[in-house]
Amino acid sequence: MNVAIVEDVIATEAILAEIKSGEDGAVCVFDGIVRNHTRGRKTLYLDYEAYREMALDQMRGLAQDAAARFGVREVAIVHRLGRLLIGETSVLIVVASAHRGAAFDACRWVIDTLKKTVPIWKKEQFEDGAVWADGEPFPEEVVSGPAERMG
Amino acid sequence: MLVRVLFFGVLKDLVGAEQQVLEVEHEASVGDLLDVCRDQTSKQSEVWTRLAVAVNREYASRSKVLAEGDEVALLPPVSGGRP
Amino acid sequence: MNVAIVEDVIATEAILAEIKSGEDGAVCVFDGIVRNHTRGRKTLYLDYEAYREMALDQMRGLAQDAAARFGVREVAIVHRLGRLLIGETSVLIVVASAHRGAAFDACRWVIDTLKKTVPIWKKEQFEDGAVWADGEPFPEEVVSGPAERMG
Amino acid sequence: MLVRVLFFGVLKDLVGAEQQVLEVEHEASVGDLLDVCRDQTSKQSEVWTRLAVAVNREYASRSKVLAEGDEVALLPPVSGGRP
């Protein structure tokens, strides 16, 4: 499982090339990129920060859980931190599997769960100020006790 | 006893520090520590009711009892954005 | 909309780079690759052929329908024909959108619909012979009359 | 009248040709043409009941009436594979 937090440009092509294996028939990729606006305000750039060691632990857990839960062969999760400009990739998720249904389901589950439970935050810099992006409330299992490992 | 408290995101700005070493009572819970942290800032914020807490890098409930030297991280909701 | 049928290696990185725009927050990619086995038999290579002009028309229609139906900004669909070796990409679908839900839904709808309605066939070469891959029955609207354009 | 018939995939192997120009009766339907095509091959195959037909690159029903010079493609189920 290729799970990493990086400060530089995410090497999408290399990660894709590395993950593919002869057993795979489908690769599903989610590429999260910095959008030029949020709720009508023009974004200049984003600053990402993380509780790094814990975020990496959580991402490793997600990759393992996704493989077990959806029966996919391989999962890569790479998140970038620091200042990101419009159009740059902040997070890349790649899932390789024999069949496409499992690849899609696993990829979506990973990004949806990552966005709720992995301790990474972004500060949005607008022309007229900066704000920490408002997140959704934590899932119940996160605030009420240790997250159970699935699968 | 002493615990190390880490602040992230909006909490870092609110508290004005990335981390603090705080003195809490023996067998203080996560909830007790949160009260200490909140009381030391004059600013009100609804983030105190929405944050999650990790003790030694594992999510923990408010009732978890702390131990000397624990690393307690206060985590604002992570920045999901609209799916 | 970048819709194409090609004979050479699909230029994934270039297609991805070209599609991204500042308005996008999410890019979902489906990369269909040649698997080394089918139902327990070892595959040597695949030969893809198409009713080329009609396939291209259908693919263009799918890209337009997906944009209208899911509200995504841009869709690219590229299919390769000819002899493909294990691990090579036969079809690449890329969807760019402001939000990830629509990107995932559109990408999956395109590949699922393409696999049922776009006239492309593959002959699988095994160690002990070759067979035309068995397809699923056509959807009712395909066999009973002209496909309605959606959206 | 004459129509051009294209064969793809397993049908190409079955018929032994990529295309044929066939004589059909005036106002023959797609179904009539399929009967002509099937009758000229000695080999049985269930593909005849599973194929789709495109007339001038649009999917067409069995009842569609053909016109002189139409391009009629016989299309075996496309190779979806397990999703």
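Per-chain residue numbering starts at 1, and chain names A, B, C and D are given in the order in which the chains are listed.
Definition applied: a contact is a pair of C-beta atoms (placed from the backbone, for glycine too) under 8 Å apart; a residue touches a chain by one contact, two chains touch by 3 or more.
In this text the structure is predicted, and so the values were computed from the model without any measurement.
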item: Both-way neighbours, i.e. chains that touch subunit D and touch subunit C; value: A
item: Which of A-B and A-D has more C-beta pairs touching across its chains; value: A-B
item: Subunit A and subunit B, separation of their C-alpha mean positions in angstrom; value: 24
item: Mean-CA-position distance for subunit D and subunit B (Å); value: 71
item: Interchain centroid distance [CA atoms averaged], subunit A/subunit D, Å; value: 48
item: Touching two or more other chains - residues of subunit D; value: 81, 83
item: Overlap residues in subunit A, where contacts from two or more other chains coincide; value: 25, 100
item: Subunit C-touching residues of subunit D, taken from the complex the two chains share; value: 6, 8-10, 13, 50, 52-54, 57-62, 64, 73, 75-81, 83
item: Residues of subunit A that touch subunit D when the two form their complex; value: 25, 99-101
item: Residue ranges of subunit C in contact with subunit A within the complex; value: 12-13, 16, 20-37, 86-87, 98, 100, 103-104, 107-108, 111
item: Complex contacts: residues of subunit A adjacent to subunit B; value: 38, 49, 51, 53-54, 57, 112, 115-123, 132-138, 141-147
item: Residues of subunit D defined as touching subunit A within the complex; value: 81-83
